[in-house]
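Below, each structure is written out as structure tokens.
Two complexes are shown next, each including chain A; its partner changes from chain B in the first to chain C in the second.
Presenting the complex of A and B:
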């Protein structure tokens, strides 16, 4: 039953029509009778002690139904995926401007906001810690009592010092990366309802309903079974809704008031309070022999995680894992620090630590190739890991490795093959053109030491369609369409006969997160496991009804038939007929499947979440034009060459690839959430500039398939890699155009202009 | 009966090894296993029995695979 009718086809997204017609209701569109509006009082200081909280005036206001403070948190007053160090409602101290101090529920949205103004909080301001390297000093004020270094990782292999001593070329640079914002269209929003038995349902777009359920239960001191979390659909997430956002506030207010409560964060509140990508300072020293063989890499990463841990530790771990990229690197000394400051909050974000270090590494690679007079693509090909090689962290690359295939495709793509010709035709005399290339591998799944599991359900519905349940939420990436395609081919029916159930802690089994480029691989394998069991059940029912042996039953074309039966004979049952037979016999035709990820052959003592066994691969190429008078950079064309294993839905991969290119381009050229002394200076899109459709280049996606044997139909994940190497491809292209190396992104016009001036 | 236990991530602090076998009488439940490992925080953990989420009342069977973890994710 492995024929691919739907897998590999350009299937229209199953949620497309509802989304483009506006019929689909996101959580921020939901409304319930008697619903209240919730609002969150945020801190007035980036770092301060709370001396007093007086809510009496707010409570007395018309329309205000409840005002909650830390005293009203029944369970643990904390949340956080790894360590619950972020207070639900701050009791004695605030650590960033987004810290929540009180909650209000009122009959109107405006009334709730006004009531926030009436809450009297007395603070004693503390010195602000806003430089991560200063924060690491013992003398620095402490954001948390245990010190400001939340996490430290160190990995050493080989003889780094000897390698540097013997090298023909050593390049050493410091790189700075910005605090990128997820910029999802739907801000953190949702509704909580409560029934007469005290069961709570939280409707809130997020990336792991079952973990949200546990975090809510922990804060409410409630049995998780009494809490249902619905996470699908989310109006974009990109990692920014992996951690708890407003779920606990919603649940607390519904619990207190007994009424439905809705919270929709304004954009400004979302920017100040929400997650960002970790700004990193990266010192990188890389060595190569005269023949172009890479010898060693020494890396020191300092990541600014802001006020709370969330996934900061794992992000820095993955920065370390990805800091040697796709290359054979026999000698490494890699060190990472994840540091608390009063600068907002940083956590999961598409790429998860790779974006920063791949920018640094791919710039180093271009520098070395240039010093040695080697072709930049050939230099990468020479040093790329092959299947069977030992990677920088010491694990063996046993799964499929697609670097060479993506580089080969890059060498043939038009902007690379005709690069000299294209460079020679700038649109104005004061403009210069350049072409850049970069490549990366990206870990799929959670890595060694973290269990990565999935489960799926398949149920034959009365009309002959199948309900397929996978909990990994649909956050806009299109995983439900890929699941439906894989289910259709596994069951021998049409995508139209699949009804996807997603992201609901009551109606699906736990399949983990929609993060880590993992959901298609995990959900797909769980669906295949469930489908195998479903086929056994269907074969039983059909064999009995048709009077045939079970082994004679074949699946396809929306039903089953008896294999030995000549074509045209009436020994066939549609799934609709099987459903009716099952119903008549009182048989519930439902199957479950499960899957646990394989992991790399070697972990790192004392750390978990790395390395990975399965990686996706991607090479990206950019053609840019630099205005030498203003420093402005325009990306004219981009080519994105992902290796997703097997493309379940090529149209979906193209969409991911195009979105990823534009996101990585914003990171390269425009985006930075500026925080000064703990205060956000770019709280909305008037000052936080992201690329628009007018900025987007012509993007070509060339899919290279290196099937992964352990993946469903050969697939692995691609959601993150697509936004990573495009950033250094663009900055390398700026160098190719102007001779200036970009080591600090975003490469804004001002920064490029100053660099050009210095270079001249 | 014997069950196979695997501890992940921070849960590894509850035993010397991260993979081991435990022996129970017939009818033992997951709660008994958690008791014996002295795992006190039972809200913010995920336990899989044969790949499926389970709770303290889940009855263990001979040869069952039990995975115990905190729900750390990310990419």
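Presenting the complex of A and C:
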């Protein structure tokens, strides 16, 4: 078995038809009889004490069924993946404009909104903490009682000071990165239903139904088994639905009213209340010897996590882990701070801390190469980690390392190979062209210290198809298609014979999150484990029915056959026939499989999740044209060269790659959630600018495969890496075109123009 | 958002009657691409929407006679050109959509800069619904249809309880989002004289991206080419750099008759500083806008001097 018929093929997404026909529903489109509309009263100030909450007027309104405040939270009034420091409903203090103060359920959407306005909240405004560096000072007002530094990490190896002393080149710069928004299609929305026994089902976009189930249970003070969470393949997430969004509000309102309740956040509410990418200020000092050998990196990262922790600590940890990128860096001093402010909320977002530091590092690398007069690609190749090398954090790179392979492919791609020629042909005399390159490695899975596991179920259905259950939700990235391909090859049937069940805490086993570039690797390994058990069960049934020895049973072509039998003889059973036999015997043909992630040879004391064992690798190249009269940057072409270990579905990798390039391009050139004094100035897509189809460059994806032995069919994760190096590839290309170094993204037309002016 | 009624008048007279009756409580709705956003955001709460989509006569784009025709007059007659500068008058109805204007052979010939501007409003969906009348009635300083109308020295035909009047386009805009429309009045359409055979024109806009971009700065230019490197009858208007769209009269005067090379074009373009007074907002700073007014004009002049046909804006 395991011959790859489906793995490696460009299989059409299994959810494509339901999506294009509209059969697949957004959670905000679900409706149930007798359903109420829920709404959330958000804070009126970025930082204030709550003196009094009076809901009596709202409760008296026609059509209002329930008004809830902190007094109505039966369990723990808090949530948060790492520390539950975010109140479900604020009791005495609000820390950002998105803080929830009260909930309403009413018979109409408008009625719910109006009731919010009738809730009387008395605040005492506090000074706003909006600068992370200032927030770190002892004298700063405190967002949380324990102080504003939520998390601090420090890693030191080698002799950094000596390395700087002896270096031929030292570059030092400060970088600023924006508060990027996930900009998923569907805002945080969903419906909760409740049955007569008090069992609650929450239908809501989610990246980890089982953890949501626990967080809901903790807030409701309820047995988690009475709570089911169902996610959806529509709507998108990108990390923005990793933390709890509206799940607890929905469950509380359903519990109180005994009726189905729906909440749909408006885009403006989503922008204010929802998660973002951590803005970071990064100071980086990097040294190299005259022959181009990198010697040392000193990094200081300050991440603005906003009002609550969520995954801020781990994000800063991963920023530190990725701050030396793919390079051998014998001497490092790396320090990171995750700081509370009243600036919204930051947490998980595709790339998880790498985007910021890789932008800084890859700019530093280009600067050093330029100072030494070395080719930028060769400089990277010279310093890249190889398998067996010791990485910056001190762990050995034991798994496959794909940097060299992706750099080799980059050196051959058209825009790199013909770069001088392409640069010499701008579309107008006042426009300038440049080509940039950048590369990264990206940790897959949760890392050392955070148990990372997967589980899958396989069941032979009466018609001969297999139901394959993996809980990691499909959130648009195409993992269920990859799961189906791996299951088909593991069972010897076709993708059409696989029915995927995912994102549902009742009908699957917990397989963890769809985050951290982990779901294909985890789910795939769990499926292989379950398939091996399933094959034993099938072999049993078939051997008995065919009167053959178990060892004689071979799998393939949608069934089993007896190996020694000449082809064409009648000693073959299709899966449909086996299902019938099983049914006749009253045997339930179902298997479970599981998988535990391998981890790096050493962890980092006190810092959960560091380091990783398995990384995916990627190099990206961009050709840009800069209009020197306006500062506009047009990305003309991009080449994306990921190493996914093994491409389970090349079309799926290309889709990830193209989406990632455009997301990383938006980060480089346009996107920023501007918050001033705690108030969001870009509350919708009229002012929060993301790239459109017309802004997207021509994108070529070249897949390089360095199989990962521990991965299913050699695969590892790719969902995050694809959006990371493209950002510095673009800013490096701007430098190549104009001579200006970009240290503050997004490189909007205005920023580029002003930098050009200063440079001239 | 408060509930509202919608009426669908069958004639301009009926529409005006309803508008007059309800006063400020009634709003005309054409494509709804501006109005519905404002209603949704509670920036406007009309009681009555007057849906003018059935008024087909306001959808027309037509050539009128050599002499400025009476406002609102129906003309199907043959038109013949008199002489240079006395060309035909073109009438674009308020309900003409951006997509219709952009692809109209009449407009593309008579006023390519207007077609160009309409081709770069919003996205295909917005251009399919948004109208010329809606764009000018919104009276945004960033409205893309307006600078070309300034450069064409167009007039706006308006009908109200007291009948029909024609307002020259510069007087129509009194402030940001404020027009000279009196209560009960509505826009019927715009009229302008076609550019002569020796006229050249362009429209350029700078947005934050290539589609669905509100202008950070826009410029419309029309002039008669008297030599390959010199113009007269220069008319230039800038968008998004003052409380209303503005004519750049300093630059116009400086350009008239001057023989241009790139250096001279650059110098004269920089005079646009004098004609604009931008503010800083989320889309751009005052300083940047000011420089961009100059540079967009300069880019356009460079294209004209090099004879490049692509003298328009990017994107769409």
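By definition in this document, the second predicted complex is superposed on the first by the 759 of 760 C-alpha atoms of A that agree within 3 Å, B and C clash if a C-alpha of one lies under 4 Å from a C-alpha of the other, contacts with A are read in each partner's own complex, and residues count from 1 in each chain.
The rule we apply is simple: contacts are C-beta pairs under 8 Å (C-beta built on N, C-alpha and C of every residue); 3 or more make two chains touch, one makes a residue touch a chain.
Because the structure is a prediction, the values reported are computed rather than measured.
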Which superposed partner A:215 touches (first chain B, second chain C, both, neither): first
Contacts of A:49 with chain B and chain C, given as first, second, both or neither: neither
Partner chain(s) touched by A:517 [first = chain B, second = chain C, both, neither]: first
Touching partner for A:12 - first (chain B), second (chain C), both, neither: neither
First, second, both or neither for A:549, with chain B first and chain C second: neither
Which partner, chain B or chain C, touches more chain A residues: B
Touching partner for A:609 - first (chain B), second (chain C), both, neither: first
Which of chain B and chain C A:162 touches, first, second, both or neither: neither
Residue ranges of chain A touching chain B (in the complex, touch as defined): 81-82, 84, 207-208, 210-211, 214-215, 217-218, 224-225, 239, 242, 311, 314-315, 318, 347-348, 351-352, 443, 446, 449-451, 453, 455, 509-510, 512-513, 515-518, 592, 594-596, 608-609, 720
Sites on chain C touched by chain A in the complex: 1, 123, 206, 208-212, 214, 216, 282-285, 288, 291-292, 295-296, 298-299, 302, 315-316
Complex contacts: residues of chain B adjacent to chain A: 6, 8-10, 12, 43-46, 48, 50-53, 55, 67, 69-75
Contact footprint of chain C on chain A as seen in their complex: 110, 428-430, 629-630, 632, 634, 670, 674, 681-682, 686-687, 689, 691-695, 748-750, 753-754
